Amino acid sequence: MRPLLEVENLSVAFDTDEGTVGAVDAIDLDVRRGEILGLVGESGSGKSVTALAVFRLIRPPGRIAGGSIRFDGRDLLALPEEEMRRIRGAQIAMVFQSPRTALNPVLPVGRQIARLYRLHQGCSAAEARRRTLEMLGLVGIPEPERRARDYAHQLSGGMCQRVMIAMALATSPRLLLADEPTTGLDVSIAAQILDLLRDLGRRTGASIVLITHDLGVVAGLCDRVAVMHAGQLVECADVRSLFREPAHPYTRALVRSIPRVDREVTMEPVPGVVPSLLDAPPGCRYADRCPDVLDVCRTVKPARSARARDHEVACYATEAARVAAPRG
Amino acid sequence: MGLGRYVATRVLLVLPTLFGVTLITFALTYLLPGNPALVKAGPLATPEHIREMERQMGLDRPVPVQYWRYLSGVLRGDFGESATTGRPVLQDFLQRVPATLELTLASMLIAIAVGIPLGVVAAVRRDGPVDHASRLLGVGGVAMPTFWTGLLAVYLFFYHLGVAPPPLGRLSPGVMAPTALTGLYAVDALLTGNARALGSALHQLMLPSLTLGFSVMAPVTRMVRATMLEILESDYIKAAWAAGLPRRTIVYGDALRNCLIPVITLVGVVFGFLMAGNVVVEIVFAWPGIGNYAVTSLLTKDAAPIQGFVLFVAVVYVLINLTVDLVYGVVDPRIRLR
Amino acid sequence: MRRNTLSLLALGAILTIIGLALAAPLVAPYDPDAPQAEETLQAPGWRHWLGTDIYGRDQLSRIVWAARVDLLVALAATAMALTTGCVLGALAGYRGGLVDQVVMRLVDTIMAFPAFILAMGITAAAGNATANVVVAIAITHVPIYTRLIRSEMLRVREMEYAEAARTVGNRQRRIIFFHLLPNCFPPVIVQATLAMGFAILTVAALSFIGLGIQPPQSEWGAMAAEGASYIVSGEWWIFLFPGLAIMVTVLAFNLVGDSLRDLLDPRMRGVA
Amino acid sequence: MNLDRRSFLKVTGGAAALLAAGPAVVRPRPSEAQDPNTLVAAWDSDIDTLDPSAFKSNGGYVTIANICDGPIGWKVRPIEGRPGFFRSRPGEFDGMLAESWKEEDDGATLVFRVRRGVKFPSGRPVTAHSFKYSFDRGLQSPGYMKLIIPRLIQVTDPAQFEVRDDSTFAIKMKAYGPMALDTVALSNNAILDADEVKAHASTDDPWAAEWLKRNPAGVGPYRLVKNEPGVEIVLEATPNYWRPKPPFERIVLKLVPNEADRVLLLKRKAIQLVSGRPGLSPKNVKSLEGEPGLKILQVPDTTCHYLGMNQKKAPFDNLSVRRAVNYAIPIQAILPNVLYGYGAQMKSPVPSLTPSHLGDYSPYRHDIARAKALMTEAAVKTPIPVDLAIRVGWPTHEQAAVWIQRELEQIGFKVNIVKESDATFRQVAIKGDHALSIESWQSWINDPFYHLSFLFDSRQKFTNLSFYVNEKVDKLIDDNMHEPNVAKRNAASQEIQKIVIDDAVWGLLWYDNWVRVMTADLSGLEKRWDTFERYYSVRRA
């Protein structure tokens, strides 16, 4: 079956006074039906921009510089704005990081959900209200009647995120992008939220893209993982093989940075800093941080190659190593 | 912090400020040159006559005693007596406050009715023609002396084009004032259905309120634009876009609604500018308000009205800022946490 | 970029005005104060580019000379407000406690008056002298700097280098003035530039209501106010040009102030 | 909350729309707005007090002159060449509330016959008792008639005001007074409704000065129906007035502080007349010449404008310096560029309309060389820094100051022009702190000794602002103040004028003309010695 979302060769650029910032550099990414895909990277790696690009919500001075985005076979970049708008929220929905600020502070939360029912499904006011309460119950909010009348600042962080999820799922989207949905929540609440996401995803059959900088979250939740670095997609694999055999030097560094109870060693942060994306040179953007860097890395961007089934990586060094030791 | 405590704290904080204000206004008149007793006594008065006047006016007492007399007088609503009109300052004030209020409200209405949409459009169509135009208008509006704009307007619209009435106060000659309900002629005329007075009042109000409104519009536009830009970049607006809400709903519903709350704080700022502008605009348009009264008194060195005016404006300004703070606290509960 | 061009133009305008003011004796074509009975009320033309007033004095010369007065008054008032405000703000922010309380109450009281109204009251009380106008405007501007410096001070005080300076054993005054204050300057410079424009407007408005700079010193506001009487008899140039001079100068200061803010405080870029 | 904000926006929008549409909906055209029975005039004064015996603002005087009649008034006669306009003549009077008068005891007693059947608004009749109360009050209340009456009509005791019967009132003066009738004609002697005033008196305020400040208590062609300080004063014709009703039923006096506005209003015919102290400066009057639909009335007047030199202050204690200043005054530039023909050069401190005026004595003319020579003669150290004080809001003085400043600088002064408010100016002047100032004086009584005694008598501390001391002048004034022989009196006046001109007490500037600009259809304006307008005879032609 064709993937639900096919991103091909997508580039997003921001024009600034100083030059062009290549926030997303020609990435390819598929999201399959019903799966949970983790999109991982440090902050500034272009994950959120990619998500916004899918919504076609890149605002000036940003622009989509090239590539295509197909959703269920339809080219989103070619759709008229009005049609695109009908897809947003209805077919593709998004859960934002920092739920508190992502809710309108001057509208009661119930109204914020209800208006989506009315907008996308043409429900009557009463029907929208009924469904809102139902949805609030579904995401585990106690006393939905009362909470629906509350404003964002009256709810706890976890509650807000549940509201956000209720909003995102209200119209049964087929694709849900969740951008750092657990930022700022304490550990137990975060776990509940993630469980909730997974359950609801399963129940509705929606595909979920979980955007996070935390590989640990990905490990417990996702089917597949895509790793981004400085706007480039460096590795994409099913979750088990990625953790067992991280191929890209960056992925390896990321995996090492996960705090683990079963290891005595303390967590190592990824060495180096995210490079400036302003008029970035061609080639791999990890080159300056990479322990295995080759000369070619700095001049030509490595293509993605399949390393195993469902495991692709874009790295000359890895490729070279694999060729040298074919057993992998 | 609870709402009650918040209100109490804010109100208590105002008291020392008000005390300071009376000290300053007292000091101002104490220093004012020109012996008020002499003004009252007239040019042919004898020294004894002047001394008698001084005694009557308490000018021969020690400064703290004079201050105490002043303060207790003010608390009783006694602002002294004007030498030019021979009436208690309070009475003169009450007669003129509606004129100033009408002009101030109309100007604020214009500043807000034009300034807010302009700021919104400038933010939404950032770097578009409206944005540039509003910025130019903004810097221009702030850079022109208000009296100069007013005179220019009189020259153009009254003298040359003849579309504005003569700058002669609140009603054209021959039009009777409407029955006094609020003292605001336009409102009173509207309420009593007096079309002739309403037309005349609005017509007279047109140039002065446009002049004044134009001069204070810039800060309004500026702040609305900044706030709006900030809001348009905010997460919940992004969320709204991502939820597929139509543009209209997002910009004029979600964003504007949030934008208007901080705009409340502008009322205080704008009022401050308006009070300053009032003084000169009332002169230019012979508007019979308290600013005009103050300047006339200034020219005759009539101390009591000047003192009363400065005090009055300061107290109103303090109270408006207090009200703005309180309203803001009520409207936006987040503020009370600070 | 268009914005930069505009800012540069504005900066150029300020420099030109300052240059003209400094060089007034050289560039002004006529004696600004000498009445000429044969030249009264000439419309703008070749002999007098901006016309003459009722005394036959050349308007261009007067405007150029007046620039000295206006700029000087604005500069003096701003400098005075800036120093006073900085000292008060630094003391309040650094010392805290009672000093802070007293300073802030004072500042609150000044701010309880709309600036122009207070300036008007002070000038009326102190009398019409240039020095009094300067002081009046300075007083109304003090709170801006005091508050700004105080809050910057509170912020900066906690930072490491202040700590370092303290441990080295510098005396307190030195800490305030040589280590902390310079770090507060960028926002102050922005405020001061904007305040220049505001001061010029205040001087003009005070002149209009009969307070402020006295003749024979020519001052833009006074000139425009005087010209107001002659609009009705058709002599528009006496009123128009001084007003334009005010507008251009204030506009230039505001534009430069805005650009400085963008430059020095990137957080505010494009916001205001 | 929600709903409130929305409705607020609606109201805002609606009002803004109204504001914008207002002019289009109703635009009162001047002709429509104006009632033919109403005269709308603009001036620049408020009423500070309505107490007749107090010193008042111009607004106060004009109002009193129109709402309170006195015993007699100055008679007016047509102005030659200006049909429809009138002016007073020296020594001619009309009966007002006194229908006639006569002299007794060789003019030492004035007997007035009270007009019969005239009633105050309260309904009480005007009687000789009203006369007596009003004069008693003038003599005794804390006003300034208290100073005038003893000096000009030699009455110091209230018993000298005598009621002979209900309609006969007599003033028994010490001796004949050449200025007696003029003094009685002053608007300050308005006849008051005695019972009405007494009802508002108290032990602290036996003459009800507080009450009279704001309440008129006489009877005149008009009554005050509205006094809104800062806005307007409205007068309406008094019903059942003893004379026929005036042509204008209502007089609206608009307060328009800005002179340019007054000009605009006239040009747009939104008002019919500009009144006031000067009302319009000569420059603006000039610009209105030939303006269609307007006409200008100008009458030579007795208002003197002079450069005050304080003889208590160096270097003006030096006669040569004062003479030098007189030679330095650029009067030939001031006359056309400040007065535009609406005034005349001052040749003597006694105005040209006043009997005994000495017009051909003064040697002074603009002559800088002469002035410089005199300065050298004076042997004072130059440059001499000096403040030239003027009043705010007096454009002619302001302009003259600029012209004078330059010339004085040429002869060694460094002149700083100081603008002072009326009150400050007066205060500083009285204290003797003005070195150099532009002063003005108008004598309500057109009499040389009235004029000279105020201005040159060394004992007149508050009006002799040059602080001129000359015993000979003092004696000449004392000897001739009440001199019945006109020829002798005038000769003495001329002698004083010669001394004063020789001593260069004043810098001689100009006499103002009395000027009114009005719409072309207006006539009937009358100019009296005191310059205050009476609207009784003003009408549409």
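Which chain is which? They are A, B, C and D, in the order written, and residues in each are numbered from 1.
Rule of thumb we're sticking to: contacts are C-beta pairs under 8 Å (C-beta built on N, C-alpha and C of every residue); 3 or more make two chains touch, one makes a residue touch a chain.
None of these values were measured; they are calculated from a predicted model.
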Review point. Which chain pair is joined by more contacting C-beta pairs, B-C or C-D?
Key: B-C
Practice item. Mind checking the centre-to-centre distance between chain A and chain C? Centres are C-alpha means, answer in whole Å. Key: 53
Revision key, fill the gap. Per the C-alpha means, the centres of chain C and chain D lie apart by a whole-Å value of 43
Point to revise | Whole-Å gap between the CA centroids of chain B and chain C | key: 23
**Study point:** For chain B paired with chain D, centre-to-centre distance based on mean C-alpha positions, whole Å
**Key:** 38
Revision key, fill the gap. Expected list for chain C, residues touching two or more other chains, is 210, 228, 231-232
Practice item. For chain B, jot down the residues that touch at least 2 other chains. Key: 33, 154, 159, 283, 298-299
Check your understanding: What are the residue numbers in chain A that touch two or more other chains?
Key -> none
Revision key, fill the gap. One finds touching chains in the pairs A-B, B-C, B-D, C-D
Check your understanding: How about chain C: which of its residues touch chain D in the complex?
Key -> 33-35, 37, 40, 54-56, 128, 210, 214-216, 228-234
Point to revise | Complex interface listing, chain B residues touching chain C | key: 16-18, 20-21, 23-25, 27-29, 31-33, 139-140, 142-148, 151-152, 154-155, 159, 222, 225-226, 229-230, 271-273, 275-276, 279-280, 283, 294-295, 298-299, 306, 309-310, 313-314, 317-318
Check your understanding: What residues of chain B sit close enough to touch chain A in their complex?
Key -> 126, 234-236, 238-246, 254, 257-258, 261, 333-334
Study note, to complete from the structure: Per the touch rule, the chain D residues reaching chain B in their complex are 1, 5, 12-13, 15-16, 18-19, 22-23, 25-28, 30, 32-35, 38, 40, 42, 46-49, 54-55, 57, 142, 144, 147, 213-214, 228-231, 252, 254-258, 261, 264-265, 267-268, 270-271, 392-393, 421-424, 426-427, 430, 462-463
Review point. Hey, which residues of chain B end up touching chain D in the complex?
Key: 33-35, 38-39, 42-46, 49, 52, 82-87, 92, 95-96, 106, 109-110, 112-113, 154, 158-159, 163-169, 172-175, 195-196, 198-200, 202-203, 205-206, 209, 260, 283-284, 286, 288, 292-293, 296, 298-302, 331
